[in-house]
Amino acid sequence: MQGFLKTPLNPDTVSLCADPTAASYTDSSDDETSPREKTQVNSKGSSDFCVKNIKQAEFGRREIEIAEQDMSALISLRKRAQGEKPLAGAKVVGCTHITAQTAVLIETLVALGAQCRWTACNIYSTQNEVAAALAEIGVAVFAWKGESEDDFWWCIDRCVNTEGWQANMILDDGGDLTHWVYKKYPSVFKKVQGIVEESVTGVHRLYQLSKAGKLCVPAMNVNDSVTKQKFDNLYCCRESILDGLKRTTDVMFGGKQVVVCGYGEVGKGCCSALKALGAIVYTHTHTEHSRCFIFHSMDGFKVVKLNEVVRHMDMVITCTGNKNVVTREQLDRMKNGCIVCNMGHSNTEIDVASLRTPELTWERVRSQVDHIIWPDGKRVILLAEGRLLNLSCSTVPSFVLSITATTQALALIELYNAPEGRYRQDVYLLPKKMDEYVASLHLPNFDAHLTELSDEQAKYMGLNKNGPFKPNYYRYQHHSTQSE
Amino acid sequence: MQGFLKTPLNPDTVSLCADPTAASYTDSSDDETSPREKTQVNSKGSSDFCVKNIKQAEFGRREIEIAEQDMSALISLRKRAQGEKPLAGAKVVGCTHITAQTAVLIETLVALGAQCRWTACNIYSTQNEVAAALAEIGVAVFAWKGESEDDFWWCIDRCVNTEGWQANMILDDGGDLTHWVYKKYPSVFKKVQGIVEESVTGVHRLYQLSKAGKLCVPAMNVNDSVTKQKFDNLYCCRESILDGLKRTTDVMFGGKQVVVCGYGEVGKGCCSALKALGAIVYTHTHTEHSRCFIFHSMDGFKVVKLNEVVRHMDMVITCTGNKNVVTREQLDRMKNGCIVCNMGHSNTEIDVASLRTPELTWERVRSQVDHIIWPDGKRVILLAEGRLLNLSCSTVPSFVLSITATTQALALIELYNAPEGRYRQDVYLLPKKMDEYVASLHLPNFDAHLTELSDEQAKYMGLNKNGPFKPNYYRYQHHSTQSE
Amino acid sequence: MQGFLKTPLNPDTVSLCADPTAASYTDSSDDETSPREKTQVNSKGSSDFCVKNIKQAEFGRREIEIAEQDMSALISLRKRAQGEKPLAGAKVVGCTHITAQTAVLIETLVALGAQCRWTACNIYSTQNEVAAALAEIGVAVFAWKGESEDDFWWCIDRCVNTEGWQANMILDDGGDLTHWVYKKYPSVFKKVQGIVEESVTGVHRLYQLSKAGKLCVPAMNVNDSVTKQKFDNLYCCRESILDGLKRTTDVMFGGKQVVVCGYGEVGKGCCSALKALGAIVYTHTHTEHSRCFIFHSMDGFKVVKLNEVVRHMDMVITCTGNKNVVTREQLDRMKNGCIVCNMGHSNTEIDVASLRTPELTWERVRSQVDHIIWPDGKRVILLAEGRLLNLSCSTVPSFVLSITATTQALALIELYNAPEGRYRQDVYLLPKKMDEYVASLHLPNFDAHLTELSDEQAKYMGLNKNGPFKPNYYRYQHHSTQSE
Amino acid sequence: MQGFLKTPLNPDTVSLCADPTAASYTDSSDDETSPREKTQVNSKGSSDFCVKNIKQAEFGRREIEIAEQDMSALISLRKRAQGEKPLAGAKVVGCTHITAQTAVLIETLVALGAQCRWTACNIYSTQNEVAAALAEIGVAVFAWKGESEDDFWWCIDRCVNTEGWQANMILDDGGDLTHWVYKKYPSVFKKVQGIVEESVTGVHRLYQLSKAGKLCVPAMNVNDSVTKQKFDNLYCCRESILDGLKRTTDVMFGGKQVVVCGYGEVGKGCCSALKALGAIVYTHTHTEHSRCFIFHSMDGFKVVKLNEVVRHMDMVITCTGNKNVVTREQLDRMKNGCIVCNMGHSNTEIDVASLRTPELTWERVRSQVDHIIWPDGKRVILLAEGRLLNLSCSTVPSFVLSITATTQALALIELYNAPEGRYRQDVYLLPKKMDEYVASLHLPNFDAHLTELSDEQAKYMGLNKNGPFKPNYYRYQHHSTQSE
């Protein structure tokens, strides 16, 4: 079990809990009794759930309704596929953050015919009132904010291990649930029809399982779908770099000198947003990416060595995927008031460990904001202790979560309905056509008016005008755009 | 006294109090005793102040030190003019928001030789720990967070009415202090050497006084200095529109359709920031500004009638300076989820009053965020009840406050040192040269390297290379740039 | 007369002649006979004109028709005021560049009732076929491409000095015509009702005349109208910097390091265009403009000393209004292939004279493009010999000329119709309301939809909804926007 | 032979000839004798070439020297590999546009040890003076501007069919040379060691040959290398859309409404450039690219149906790769003065054929600019008759050509030096590492400072610090960046 220990605290997920500004409506005056020791019943008489306080259900319901407003793609999928019930018979066990947006996903799965049991992938991130609202409508939820590690595994187990109900689909974020089923309930695991996994970590675990020949179930890696990637990286980071910096430091961007280390999609997002707001932006590239530097340059960013510029910078941002990109030596040379933060996946891009030495004083000035003070009084402002800024210090827009949740729902439908033989015991990417469908479901959000190909054009391009989609609920796609 | 009633709640100032995200380090477990009923003594034995809790002084001191980092212009002015003490003999009574940034200003005035007594221009905006820190170093501060109206005037009076000390300079923000002195202590008022006023409202009051022939003191309107204006409007709003929207709604900007009503500096800032982050931005202009529309268009914004587009918009932002720019009829036609907010000076740009009718439900979903719900379930998201978004829902960067505070300090120095006859009993704008000096004091913030004119060039341009500045502390300007 | 010598070659105007790319349809096989020695008659039997070849009239007519397409504001003014004939009785003598766009202006004046006689303000810039087309419809035109200096003054004289016709209005560009009338025909000058002057040079001359008490006629400076200025500087230069550089050097902008010296409207235009296309842009500011540097910085441009960066730059662009901004020493330090050009009004911003030394070789590689070659083989690419790039190497869009021509037409109408006493013997700026009207006439070009003020709003703003315009042809303004 | 007929007129290449603005230094007074009938000898006594006029060699040499300035990557490759002579023994027969930039490539090949015979891939595009300069230094060039079709094939044949010299490498642009060798000299073809092909058309032909099992030689498709693609599409079009529109129409971009059809790299380039200069840009997407629309929207472009907006547009630009994207019906609905042009590869995106009907009048107003006039007088401005705007109406920057030429040179080196078995009889993409090397050779153009990985970082990323390159001339890469 040791192996699991770190997971609920893994960098992908844990920092969400510490979001200083996320709206949380949890009543802090709640009694301190552990939910495991309470007996609660919902209005229909069921007690097959374990949440903080079932009485918060109404408040949670409103939160869900508000989230629905930004997740019209899921609502639209719900409406299109409702008649057909493509998930009829599906028994989905899920382990994700439990937020209002997740609730919209779960309720969509239910509307499409699935039975769901759900638990949290993170011990801090559950919105208690949302869990209550789900429990109230009959979803078997086992989750609350502030679980102990023991609670965490107890909740997972309660989802899986229940009489007269055996999961045939898994929706996971981080791989803990999958691992638990694999280890503890191998007979259940063998009969699962499909696994949908959302996180880098979880996908990595699945590939390892597959490599070791132990994956007896088709799995879908939704982390790497193109639409989702573009949103998670370019579009989301373009906004969250600004948001994260503002909420933590109130810094003015105009006129600030900033160096962004790395120029993948995340780096591009950071560079373009900061430049647009009047910052003077430099980039830092490693020689191994010669092709990259030319794109930096053509986009108007001066490529510099961090060493050359570090003492003049007002902000240093990392997103290279490499380690120790910002070293102690460079931190030593920064000017007073320099802000240092990380937008990359790795926690080690900034050598934070090197700052934990006796001659430096750490002063926590706000949540997620530390001043590291040098003997001469110089302060470097370190955000989120070098962890991902955008998860720690900004919020993820509902719209981005909508892209993710819609992708997850379609992946479940695909795996559950795929004819024998389409998927084997391996890890798959979301089929491109479904990725396109995720996008098209978000069409109404944009007031975008697409044009249908003429027969002649379709022929010229070698395309089938009606697309390759078979199930009814896909066909609506063209219908809806025609009506505009 | 009736007349004063509205002032501490005036739109320029009151909304700061409700900032949901501003860092406030006030210990909420403080006892409930009114500061007026406590006896407190600072470490030097003085009790000529009234703050929430003198024991918070140390904490406040750190806040001030952090603020100093972004206000190097004031620190630099402090260093340059310290020897000369241009405010020696000045007895300044001040009435402003009491924040860490104000403290940097006050301590600069003290370093330049002034004696200061200070009170708050707003009943909610005082940072108690900062007030304590000022009291601890001997500034006579009378202010705390959550004053009653009676407290408000009592504090002002305690600043002015003290034995053996008579103010000869006034620094005001809103005009309440000025009015109090004018009304209650006319003999003091007559002997004041100068008034420096920061707010639109206060300036308006001064002009009225001047027009009525009752202004017996030269006053300086620092609200309209060019540098300050550009920062307060264009540069500050360019960032705060994004910040305000994010902190309240977590909305994603990319792909959103937005109409910005008005295209002065504020509107330009809003338009350019939103466009840069991928929003599709329209502008709305009145026929009376024909010249304006052509600039909107040339800047790449489609000029539309609000009526034509309102039902497709994701956000509607006002900054025209006019009233009822967004009417109830237009609010009725907005789509579900449309966000409506105001960046203009007036509170009446959005006809919020028209939304207070029985058929509409108001639901407060977060601080500063109301959902107005139509009978058919449509929700319009109204921010800050139509008050200024950037004061209500975002923070003002220290750098902008540094521009303002430096301007105030220079205005005080100018009025206090001006030779007889330079200023009469009128309202003046800050001399252009001093405005330039405010800018030049901020040079070090920017790592900007300016070039000196050659003799030949200066002659060609008809300029005096050494500038027209007389006092010593101005002369440093060239010195500092020469040394680069 | 000596004094005039330089004028037709003055920097404002002469360089137009050398435009290497402007479409010129003049038949180069034309005979070499001087127009002054030919006898030509138009189809109506008149010979009161002197142009290259009246037979080119039809070709010129098509050019005019094409120009009309981009000058709908003038056409619209023509239609609105045609009934009223506000220029009935006006006898306008004009001296401007004679291009298709000017022809649209002249024909508008005629449509409004004026009689016109016209000559060229520049010896090279006349489009012969356009002059022919004007002559054909009865305008007395005296101009051809490639006049001698003697021809130049002969043409001006023929415009003014004609039996039975005495000018009562002057439209000038450069001041030569005005000066000629003033000097040679003082009695005519005294009876002129108004002068409209377009150029910096001409306006300067008028102010000198006025200062000397010799201006006996009201004159209108249309050079400094706000709309015109914004177009001539910011909007026009934003495009012409790119166009001028491309046409001369085919340089790729992406990734190039550029320093722009000066940051007025012209500099802003240059900086923003180059930045948008991926150049890395620096600015250079003199200490005398401390306030300016802060705006450069806030707009995201690093302020540098030219000396610090000059050896790394790919392009150096001047627009300061000062002299010797780029010195020989800096030219010596530039790298091989550096492009140097001037967008400012003065010809002396780049010290071109210093490059005319024996050790440097000048090689003309294209029209307007010189390679200056250092002994070690280094080449610096100098454009237009340091004269205004945008006049020399790019074209001015018809739309910008439409703004200018409409401004000129309205200025003529205003001066000709103004009630006694409105204008005295002085130099005036175009009234703001007319400047607004110029803009509003261009409304249809933009598909811009303006919104009328409600009564309540007009009152709140203290404005008269119907505007202050009296003459009929102004009233159409509101009519047209109402109908949208 | 019929099959070849169309090739020299194929859309990829022919339009270059008509470039109205490209600098051509060909002396137009040259005698009219066909070069084939002249006997010319270069200064070394050789007459193995056929060019217009060998006496223009000196002028051509200067052109080449100027081009070298922007092609430092090739010069650098020349220097690095000169000692090693990786092309020693290579007998390269080439068929490309013959311009100064090509000459830099050819002379690089020669410097690396190759013997070259060269001809033109297009009957109009040869710069005669450059051909002369090449002939003068001993390259066997057969090409002149204005060849007949018979000349075209005669020149190709003269390159291939020469005594005592047999080509072992082919460098082709369009596939004509390859086809000629394949058809006419099959025995030569079989012994060729490699073919490098640059154009879409040529690559297509090679794939067909390969599919048919008739390709007995390894071929390299350099058209699809990543660096080249990004430059040819995104970066080049971002600039050439502006340049092409300006040079042909002098249109002002600010405030214009533009719809761009298609949003691949070309479309992105067009959209971002036009938006940056103040145009109001819409995009048009087909339903088949649902995923695309979401990226359009997130980048801030409103996605519209062309039908919905066409009558308000000032410009319509196509780059979809599809046909009849702009139909006659839509052209009928455009407003007067609308500019229509194509940036896509296909000539049929605009249905130009539909405009050749009796009721419409075509008027050629400039080279590459037609006014199509409707019976009611409406004019639509069609550029380059719907062919590629950027090839027809703007120039390609030397820098882009440098990327292409360097790619070609490396491909030749790779194919010529590859160990047995690395390449078989198939069409290959340029190896990624060589693509990176192309980029790295352009490093000095950018004043970009790259950072080397530390050993620790290289290990973390699983990379070999020294790269995988074996030949000496690659090793310089790191050397050069280290020295910065």
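Here the chain labels run A, B, C and D in written order, and each chain numbers its own residues starting at 1.
Everything that follows uses one rule, which is that a residue touches a chain if its C-beta (ideal position, glycine included) is under 8 Å from a C-beta of that chain, and two chains touch if they have at least 3 such contacts.
Every value quoted in this text rests on a predicted model; they were computed, and no experiment measured them.
S.K.: Let me spell it out: compute each chain's centre from its C-alpha atoms, then which one is farthest from subunit B's centre?
M.R.: Farthest from subunit B by mean C-alpha position: D.
S.K.: Are the two sides of the subunit C and subunit D contact the same residues or different ones, given that same means over half of the numbers occur on both copies?
M.R.: same
S.K.: Looking at B-D and B-C, which one has the bigger number of contacting C-beta pairs?
M.R.: B-C
S.K.: Approximately how many whole Å separate the CA-defined centres of subunit B and subunit D?
M.R.: Here the centre of subunit D sits 57 Å away from the centre of subunit B.
S.K.: Using the average of all C-alpha atoms in each chain as its centre, how far is it in Å between subunit C and subunit D?
M.R.: Averaging C-alpha atoms per chain gives centres 39 Å apart.
S.K.: Quick one: subunit B and subunit C, Cα centre-to-centre, how many Å?
M.R.: Inter-chain centre distance comes to 43 Å.
S.K.: Tell me, which residues of subunit B touch at least two other chains?
M.R.: Those would be 235, 254-255, 257, 277-278, 294, 297-298, 302, 446-447.
S.K.: Note which residues of subunit D are touching subunit A in the complex, please.
M.R.: It comes out as residues 226-227, 230-231, 235, 284-298, 302-308, 321-325, 435-437, 439-440, 442-443, 446-454, 456-458, 460-461, 463, 467, 477-478, 481, 484.
S.K.: Within their complex, state which residues of subunit A touch subunit C.
M.R.: Those in contact with subunit C are residues 254-255, 257, 275, 277-281, 294, 297-302.
S.K.: Using the touch definition from the top, list the residues of subunit B that touch subunit A in their complex.
M.R.: Going by the criterion above, the answer is residues 21, 23, 62, 66, 69-70, 235-236, 238-239, 242-243, 246-247, 250-255, 257, 272-273, 276-278, 312, 336-337, 363, 365-366, 371, 379, 394-400, 445-447.
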